[in-house]
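The data blocks that follow each hold one structure.
Both of the next two complexes hold chain A, though its partner changes from chain B to chain C.
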Partner chain A sequence: MVMYNTYKQNAYYDSVTLMLFSSKLASVEGIKDAAVMMGTDHNKSLMMKSGILTEELARSITPNDLVIGIRGEGDDHIQQALKVLEEQFENKRQSVAGDERIRAKTLESAVKQLGNPNFAVISLPGKFAGDEAMKAMKNGMHVLLFSDNVSIEEENRLKDYAVEHQLLMMGPDCGTAIVNGAALGFANVVPQGNIGVVAAAGTGLQEVSVLIGRMGGGISQALGTGGRDVKEEVGGKMMLLALNALNNDPQTQVIGIVSKPPSPSVMQRILNLIQNFQKPVVACFLGGDEKLVAGAGVVAAETLREAASYLVDLSQGRQPQKLPDEDVDGIVAGERAKYAASQRYVRGLYSGGSLCYESMLLLEKEIGGIYSNIAHGEYELKDVESSKGNTLIDMGDDYFTDGMPHPMIDPRLRAERIKREAQDESVAVMLLDCVLGYGAHENPAGAIADAIHAARGSGKNYITYIVSVCGTDADRQNRGSQEKILRDAGAIVMPSNQQAALLAAKILKQKAE
Partner chain B sequence: MNGIKDLLYREPVVINEGVELFKEDLVKQGVQTVQVNFTPPAGGNPQLLDILDYLSDPRRKEAIALANQEAVKRVITSHPVLVGYGKALDVIPGMTAKTILHAGPPITWDRMCGAMRGAITGALVFEGLARDIAEAEVLAASGEIIFSPCHEHNTVGSMAGVTSPSMYVHIVKNKAYGNLAYTNLSEQLSKILRMGANDQSVIDRLIWMRDVLGPMLKEAMELAGEIDLRLLMSQALHMGDECHNRNVAGTSILSQALTPYLAQTGFSMQDKVDVFNFILSSDYFSGPTWMAACKCAMDAAQGIENSTVVTTMCRNGTDFGVRVSGLPGQWFTGPSQQVIGPLFAGFKPEDSGLDIGDSAITETYGIGGFAMAAAPAIVSLVGGTVAEAIGFTDKMLEITTDTNPNVTIPLLNFRGVASGIDVLKVLETGILPIINTAIAHKEPGIGMIGAGIVHPPMDCFVKAAQALGQNIR
Partner chain C sequence: MNEINQLFDSKLICVNLGLERFFEAMCDQNLRAAHVDWKPPAGGDVRLMEILRKLNS
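== the complex of A and B ==
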């Protein structure tokens, strides 16, 4: 086995491009492992762990450098891989040079090219994103700011400007919006309709919009605010602006809110605003007390699925009805019969942060504390790399996305983690989300299925894989065929995130009893 | 302003900055989208970002914009004409019998690269100041010879740019602003002084150029009066030259303009035949001429308060130097870079010297690498594709102040060449000016070994911005 390392100084490529390069390299005959990444600390440690970067070289590499690490059977294979890589760089160079004319180097020149753009989607590294967002707004554009690592001061500066000029400033850390039928960022192909949703939770918005479609409803607008908007420090600026916009939007008849519980003062402002709305409002404050909204004329939903169902009821002129519980006892008994005595815990690996959060809340209620990188206090998972007891991990968290694409785009890190968790003899159930739609990987179910096969091959115990697919048949990945891939791999596919989490809870609860 | 109400009625028209996947998905939905290829402004350097921030304050921004408009107006309206030839000692301001002018920013003998040393020692032998190269090296190191940048004498010099007192030079006059510019004569071939070669054949050619070619050109121009270089340069661009590395057309039309007068000089038939054959021997004959024309225009834009327009880009084989209109007399330097491009058979990349010469005055003006789309025939010389050439030419619009309607590119619907490189735009976009150039061997005495593409080091622009931050109040 031969290991080859090199790096290029000050060569910036975005992480999605590099993911494609890496996978091309890894597919070269005789190559065991290969990665091309920007030299962030996180990436360097990943590469060192895989044995494709020496510590010595790692020390001299900065985050602005491009690192190449290849492990292969022989020198010939390495040389072949390097040739392939050179072709990739060349193709990129050619394509960039070739269509230089339909690109722009700066926002200003893009504005000139388009004439009258009204929207900017910004997913630059956090430290540059704020300035670009401000430039976009000064050019009269609404903004979807996908980037994270934007300070709260900067968020306020941007949102104050947005409020003053009546612009939508969605984010930072906002992944999803549907505006007039156009999906921006991560979003699914859902039917158009009369339900408008505002969310401070990206995959929460995706799940609700997908379920609305499946239940026979449709979306007028789906607007994001970024997760911090409803915190005291930001004061719900975008939430309020977006709610007002939906109230004035003639296509919207029913309004949904999806968010973690706002701070008390923000909650008060939201309730004061929607009290005067003629349109019915359904609020899903994940983890919040239903009593919070009591008396404000708002329908409270506990889960994303419930929110979708209430919204569809109201949009079709019905009173909101509680959904009946599903009978999953047969599945529960069947799975339980297959476990060894040591198997007691659930491990959840999520690409969607809100989906992870919803599952955590549901599981907590049924089986007690869940360790997580998004939990606070006693159950906060300090070392994200090692799970303990019942653990749910949001793999879209900053820790995993520093220099790597989001797991909804790049399934590699999660696939590795699935295989690792499967080695743990205390694990009985693995909970996974599979998010489809624009922006997402072309075949996330395939990546999960491969990981399940690999895990089955190496692990001792039978493990139950429960997956829910957040997507529609109109998404390019196609929900039906993605579900089939998962079932063929032996996973149990549940129709919603909530039902997936509840099934896991039931299995583990009965196991514990 | 598009208020939020407007947005909910209107189709989104989107600018995507960052992950390209999002653009592709929008395009699939039929949403009109443009991708911005973002690079961190000022390379993400926080101190520089502060300077850019400071300079983008509306009042300063306005002052800079006005100054830059004035600077670029002077470049565009400059009207260089060839008015004569003469001996360097007789015509170049500040020239003395013991002065050697060289390309690039100021440099001392001990830091000079091989090609520069080769050219200087050759010139000292040519001037009769040393008997041979070995003696010339001792003299050059002695401190007796004054080395000075061409650029500080209204002069430019191709490659090593070595201009010694008795060499003949072009005299170019700016009809619009009255200033003069100078540059020496093309030595044609590749084994030549300016490339660092200095054997007897090189010295002999210089002697012939001093005794026959130079005086004949001088006499011809006395008959001709003036030749409009801006017009010829603009015609050459329409004929497929970019006037830095491709000069086929320019040399034809310049020699067409000169020939009737050369024929009328009092030189012998043999001398005339020799001169015509010399002109015929290389397309590069007019290369220096366009450099002097560009220099003449750029000098007219020097010294405009608050202007951030680059008036000089040049290299001495060790350092790259930049000067800025609003900061007269100051050099901003960084290391010369390796030129990337194909080499003549038998040479390897490690043989090549670093970027050298004042010829980047052509790019500073807006031709050369900036006008590569005008010269598809040379894209292979510099190792690229036609699409890339067009891409480069378009890209230069991002870092310049205006386009020059007097010098246009047919392929781009007769768009004017990008003119007035703005230090601040270079830093904001991270785009460096592109330069087409020749490659000299790194050792003295060998000569040209290839051609390619190179950029200035970002350091020059960083240092210039720091000075601008200090200077603009």
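== the complex of A and C ==
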């Protein structure tokens, strides 16, 4: 076995481009492992652990350098891989040079070329993202700041400027927005309508907008704030600004709020604002008590699906109605009959943080404490690489995305984890999300199906795979075809994240009884 | 009408900095858009960046 290492100084490529380069290298005959990554500490450590980077070389590499590590059967294979990599660099250079669409070297030059842009989407590494976001706002643009690892001081600096100049500054760590029908970041193709939503929860906003469309409603605007916005330190600056804008928007007749429970002082500010609204408001504070909004004239929803349903009812002039429970007893009995005595637990592997959080809350209520990397206290999973008992993992968490593409874009880490969890003889149910839409992987169901097949081939026990698809038939991946791929792989496909989690809970609860 | 409500009433003209797939999405939706082939300022030198930031503020 031969290992080859090199690096290019000050060569920047985004993580998705590098993911493609790495996959091309890994598929060359005789190559056992390969990675092309920016030289962040996290990436260097991953490459050293995989045995494709020496400690000595790692010391001289900075985060601005591009690191290449290859392990192969012989020198010929390494040379072939390097040739493939050179072709990739050249293809990239040519595709940029031959692109007739507008490309610019700097934000200032993009502004000149476009004339009068009104919106910027920024997904640069966190330490550079704030300065570019400020520049965009100073040029009169509203901003969706996708990047994470932006400090809270920077967030406040940006949002103070935004509030003063009445600009949207969605994020940091904001994945989704739909503005005047345009889907930005990770967003789905949903019908336009009269429901406006503000969310401090990215995939929560995707799930609600998708379900609204499926239930016959439509979206006027869907605005994200970034999860930290509703915390004391930021004070709900963007939540309040966005709610005001929706209240003043003639297209918006009904307003939805989706978030984890805000800090008490932020909650008070939100309630003070919306109690003067003439438009009906539905609030889904995941994990919050309905009493939080009591007396404020707000309709409280416990889950994302319930929020979507109440919003559609109100948008069509109906009183909000509770959704009936679904009869899944047949599925539950059928699955339980297939388990060995040792199988007792659920393992959830999510690409969407809010979907993971909603499932955790629903399962906790039904079957008790759930270990997770997003839980606090007793059930916080200290070692995210090792599940125990009932465990749900948010694989979009910083631990997994530092220098790596988000799992909604790159499904490989989750596929590996599915195979690993399936080896555990105590696992009965695996819960997964499959998020479609702009920005997301072109065939996430295919990646899940391949992982299920591989897991079934190597695991000892029968495992129930429950998946919910967050997407629409108008998304480029097409919800119908994605669901078919999952069913063909033997998964049970539920129509929403809530229903998927509740089915898992019923299976495990009845098994325990 | 304030800036945000004006935006709700306008066709979006977008600049994308970062992941190219978000630029692809803008183009797929026929939005007028530009992608910035971004490189770290000052070659990513944090101290030099700080000096530039002070000069520009």
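What we mean here is this: the second predicted complex is superposed on the first by the 450 of 513 C-alpha atoms of A that agree within 3 Å, B and C clash if a C-alpha of one lies under 4 Å from a C-alpha of the other, contacts with A are read in each partner's own complex, and residues count from 1 in each chain.
The rule we apply is simple: a residue touches a chain if its C-beta (ideal position, glycine included) is under 8 Å from a C-beta of that chain, and two chains touch if they have at least 3 such contacts.
From a predicted model like this one, the values you see are computed outputs, not experimental measurements.
Visitor: In the superposed model on chain A, is it clash or fit for chain B and chain C?
Guide: Aligned on chain A, chain B and chain C clash with each other.
Visitor: Quick one: classify A:377 as touching chain B (first), chain C (second), both or neither.
Guide: Neither partner.
Visitor: Name the contact category of A:324: first (chain B only), second (chain C only), both, or neither.
Guide: After superposing on A, A:324 lies clear of both chain B and chain C.
Visitor: Answer with first, second, both or neither: which of chain B and chain C does A:62 touch in the superposed model?
Guide: Only chain C is touched by A:62; chain B is not.
Visitor: Once chain A of both complexes is superposed, is A:438 in touch with chain B (first), chain C (second), both, or neither?
Guide: A:438: touches chain B and chain C.
Visitor: With both complexes superposed on chain A, which partner does A:14 reach: first (chain B), second (chain C), both or neither?
Guide: both
Visitor: Of the candidate stretches 20-28, 164-172, 326-334 or 398-406, which in chain B collides with chain C after aligning the structures?
Guide: Of the stretches 20-28, 164-172, 326-334 or 398-406 of chain B, only 20-28 runs into chain C after superposition.
Visitor: Going by the contact definition given at the top, which residues of chain A touch chain B in one complex and chain C in the other?
Guide: 10, 12, 14, 16-17, 64, 96, 101-107, 109-111, 113-125, 127-129, 131-132, 136, 141-142, 146-147, 165-168, 179-180, 182-185, 221, 241, 245, 248-249, 251, 409, 438-439, 476
Visitor: Help me check something: in the complex, which residues belonging to chain A touch chain B?
Guide: 10, 12, 14, 16-17, 64, 94, 96-98, 100-107, 109-111, 113-125, 127-129, 131-132, 136, 140-142, 146-147, 165-168, 179-180, 182-185, 221, 241, 245, 248-249, 251, 405, 409, 438-439, 476
Visitor: For chain C, which residues count as touching chain A in their complex?
Guide: Contact set of chain C toward chain A: 1-5, 7-23, 25-29, 31-41, 43-44, 46, 49, 53.
Visitor: Given the complex with chain A, which residues does chain B contribute to the contact?
Guide: 1-23, 25-26, 28-29, 31-32, 34-41, 43-44, 384-385, 387-388, 390-392, 394-395, 397-398, 428-429, 431
Visitor: In the complex of these two chains, what residues of chain A are touching chain C?
Guide: 10, 12, 14-17, 62-64, 96, 101-107, 109-111, 113-125, 127-129, 131-132, 136, 141-142, 146-147, 165-168, 179-180, 182-185, 220-221, 241-242, 245, 248-249, 251, 409, 438-439, 476
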